[in-house]
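Below are the structure tokens for one structure; questions will follow.
Labels run A, B, C, D and E following the written order; every chain starts at residue 1.
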């Protein structure tokens, strides 16, 4: 299977976008998962519903909302542009879209993991002088590592496959925002493009497969490390 | 011969939404339309979709269907035409010249929004125009290709892209943009919207609908949405 | 360094109203299940936010509902050894031990960690994960962990309750060594009186959410009034004795104010003071000095008082020199012997019937 | 907010599709989650990767694959048609597409829940005479109820929002296969359709919100019932 | 009904090679931590698939590595009370209890469930969830649950180890009642000899993965060779005694082959046989019959043998009528008293020093 240079670029970009999407959204997903698992506050169910939104809305709508918010003329976008952060037509925008689409998946996996951690361990750390941050970093975080890993895999897979929101938000610029799914989509638009589409689909499946295999292997190691197996 | 209790199912290109609804006003039978991308519609038809009539946004996919024998022979006709326009956000100044330098200057680091130049019909026509007009090499690095022409229009209307290549019909309906250049139809393949009856499904009612769409009242309805009427019944 | 606790807290069903003081040394908290022992300790640690009251440690107010003071647990510098260990499963034994030190302003004292590792016999375990430790090993690590955060006060909530006898015996000497090596006051929750007698300087008995008895451990335990609280089989006196000499046959002579005893297995050096527990049920009485018995430990005593319980037994409070002893005999025997206050008689203490667990080192500051 | 009859139909169809998608795929998701959590077998990581596939592939590709498989000329579709079962261009196909797209999300939530159940309880049930099926039904299943609930919510939300695979597989026929996301898509295809799209988007958000709120409330009850809170 | 186990199993680090037989009544498995007690019981239940060997229960082969027989746990009909309870958290107490019955061919015997509910004092708990039960309550429910699946054999792996003394005392009478009410053989794992002495008919001592001693509980416990295995403080004889009469002052006369004892707190009816445990450390010896002592329990005995240990103590095996007693005294006393095999002397047993926990009802089938 040989690839055109542009296809290589799409593969490389997809990887870059997915990795960044996961890396950047992970801390927020962890914070949100922890919040939803451990704290009771008014409006918690609403927050949880909000987190699920990108799942419920058609990706195109999400992309459109992103455009309205983070576009060059969007409310947040204009303000961020002053800080030198631009999403429109950049790979960063593709990463943002992928991160937002994968967010509910990551949060749920992490939330389930936090719910399984015994709060008594955190109490013990508290009596040893650990403040809230130290408790979280030194105790909770290592113990929810399997859940974080599961969330990261889901987020990565989702990012590799994300298309609707991405193309609506940042269009399809080869080398900047043309990810594998955009390239696949373009192939499917012309008669006879199926073979090209299948070639790229196999590629993205292979990447995701690799990610899942690595995560399964990591999960075993983590489980051993925290004494679960 | 159509009666009200009968139903025709039309698989139509998504860009026809609205116009098609207006055009079937007064047709006696019930018309059900499933909108989608032309490629998707064509593939669905070959997989046994319950479509009586297909109405696509370009000829390529209709050719593809024809090759596969999916159409009732001799029912294909080009019902509509359209034109390409170059649009800018509503408040933007007019464009003095359509030269590479002028366009790049207007983009000023921004992007030219256009449908996917390999897959989306508007993008394919647009690419053809840019190529024949000698603009392609300079503009190519400045394109933002979209999933469909509506997304390109939205980018311009939102001010995300300073320029966009869209159909005249779309530009007409969008108050957020102004047309800064009307593309010479001679510089690209004719923009046509072919329709045909689906083999094995399209019956008399569908045939009647196809005829109805070619007639002046329907054609006028399309024209009102910015499409170019083509349809004299053969 | 002293601790004052005055708190009220209503749980659904039970209301706690606890007023206790603790000073230097080991203060044991004893009481039946549900008496409020863990709640008291949790309030001191800050894990239970009581409805109202005050907690003051060494002059610093940790909690005062009236003044809206509530120092969070992480800022109290109070070590806590939990009944269930609560070791961090993802950290090695060494990392568990070092955990608290990173929050102590002075950081980790490596020399201290080293000494404690040897003291508690943890050297071989340092690189293992808690999951593979036995129960006794876990509690030793928990002890070291609480200790190394340099607490101003050490709380232990039934640290040995989950362990069986052999494992208890294994860990007990470590507790004693720790107690003797430090001037940090210790609050020790237990419902095992042998443990309490062996360790505690002071004893507080809780019942139904209240402190019903408190004072020096010897006094409380020798008080016949404590008998219904601590249970017939566990009642007994705690005595201070001085080691006089060690004999070649393995017995040591210990001097009480009322006479000498010969006991096996005493390791303290001559001159040292040790603590002995003599269960009431292990004391036999005789009007005349018995002879030819296999027990070497016979003390002349005077009957101070007799307490008749509900059953067939009688508790006899005895004076042996300056010390108080408690004997529990049958009412029939008391009648036959015509025991009455003021009566002189002899108490037989079978040397080997004094449980090894009851012989402790006397408390006193030293360095580890 | 008033809705056209066609929009009511889209809402009703989306609900029907989502509920069926979740109900029918849940047993398979539970079985798969259990398998991945509790059994070690060769190829386990590959199976896990396969489960993630619908997440990785662009939905349109998944839709095409479904169409090629279950369409009138597809291998399985022709065979099923003889049995009177048709998916392509039917609401049942929409449910199938939604179920497949939501499957990885459901499996992951359930897998995490199974991993948190103490196998010693299953051992105890075994000594009491419970065979594998009884152990699973009477012990494991009730204890993973929170995870199943979480999975069902994710699956339902995903089904409410699924678009790419659905429109490719069953088209966008009003009253028959037009779900809310398809209707939103159609609105977005013409200038000025935004208000209609927003109206429908709000509707689908409201439904998903309701589902999440109900699930949060159920989760509390379940947690109390199994003694976790 | 008899059980034969012959298994070998290699764990990383340890290899078990267990060969045990158990018959009617209660067979106790005793041994230090890590000896292989739980592994043995797990193999019987089918939770541990041993590397090789055979397990036969009442003629049915449950496991035979040579013949490739392995009956799965669910088909063995062996009840198992786990140390940690393992109640199903989502089911009520009643549903936990009924759980096994649905797999028993006879289904649930409602009358039995009713009787057991009362017997174990669970009536008030039936609708509660396990999460809110105290440790003792949990173990009672676990007992009822294992029982109600109508097992052919009941396994109990340290069912009381997680409980403190008061809770142990609370549950113990239930165990005894169950034992007395059934003909189902019981395997009882414990490292508490007081429990073993009170319950067991037979005793198997494990060490390092092997069965090192086995036989009738009385015989094994009175064997001075068992002393290093069971520990100095726990060694002692178990005797069968017949209740002769109850006196108005609360004492009961019990007849041993070597004489009579007066004990408080015996509830068995005159004529019944009870089991007594006399710890070696609670026996005093005297060359002459002592008089004027507060203990009523003095038996004439003959020295059978003396065993000198490593410390300052001596174990003395005594014959009192048909029974064997064990006394532990200091070597010094043994020397002074010139004790030698064949020597007659007197043993003093302080009535109240016989632990209440050691007095059991003799085993015998009856219906619940």
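Convention: contacts are C-beta pairs under 8 Å (C-beta built on N, C-alpha and C of every residue); 3 or more make two chains touch, one makes a residue touch a chain.
As the structure is a prediction and not an experimental result, all values here were calculated from the model.
Enquirer: For chain B and chain E, which third chains touch each of them?
Expert: D
Enquirer: When every step has to jump to a touching chain, what is the lowest number of steps that links chain A to chain E?
Expert: 2
Enquirer: Between chain C and chain D, tell me the centre distance in angstrom, where each centre is the average of that chain's C-alpha atoms.
Expert: One centre to the other, that is 60 Å.
Enquirer: Cα centroid separation between chain C and chain E, in whole Å?
Expert: 30
Enquirer: Suppose each chain is reduced to the average of its Cα coordinates; what separation in Å results between chain B and chain C?
Expert: Between these chains, centre-to-centre, one finds 89 Å.
Enquirer: In whole angstrom, how far does the Cα centroid of chain B sit from the Cα centroid of chain D?
Expert: So the centre of chain B lies 35 Å away from the centre of chain D.
Enquirer: Would you mind listing the residues of chain A that make contact with two or more other chains?
Expert: 60, 64, 164, 185, 188
Enquirer: Give the pairs of chains that touch; include all such pairs.
Expert: A-B, A-C, A-D, B-D, C-E, D-E
Enquirer: Can you check the complex and tell me which residues of chain C touch chain A?
Expert: For chain C paired with chain A, touching residues are 45-47, 72-80, 82, 84, 86, 88-91, 99-100, 102-104, 129-132, 145-146, 149.
Enquirer: Can you list the chain E residues touching chain C in their complex?
Expert: So the residues of chain E touching chain C come out as 32-34, 134, 158, 161-162, 164-167, 191-192, 231, 233, 247, 249-251, 262, 264-265, 281-282, 284-288, 290, 292-296, 311-313, 327-334, 337, 348, 350-353, 355-356.
Enquirer: If we count contacts the way the header does, which residues on chain D are in touch with chain A in the complex?
Expert: 44-46, 48-49, 52-53, 55-61, 64, 104-105, 108-109, 111-113, 115-116, 146-147, 150, 153-154, 157-158, 160-161, 163-164, 180-181, 184-185, 188, 197, 201, 204-205, 207-209, 212-213, 216-217, 228
Enquirer: Which part of chain B faces chain D closely enough to touch in the complex?
Expert: 9, 11, 14-15, 17-19, 32-36, 40-41, 43-44, 46-51, 148, 150, 153, 170, 172-174
Enquirer: Going by the contact rule at the top, pick out the chain D residues touching chain B in the complex.
Expert: Within the complex, chain D touches chain B at residues 60, 64, 67-68, 71-74, 88-89, 167-168, 171-178, 185-193.
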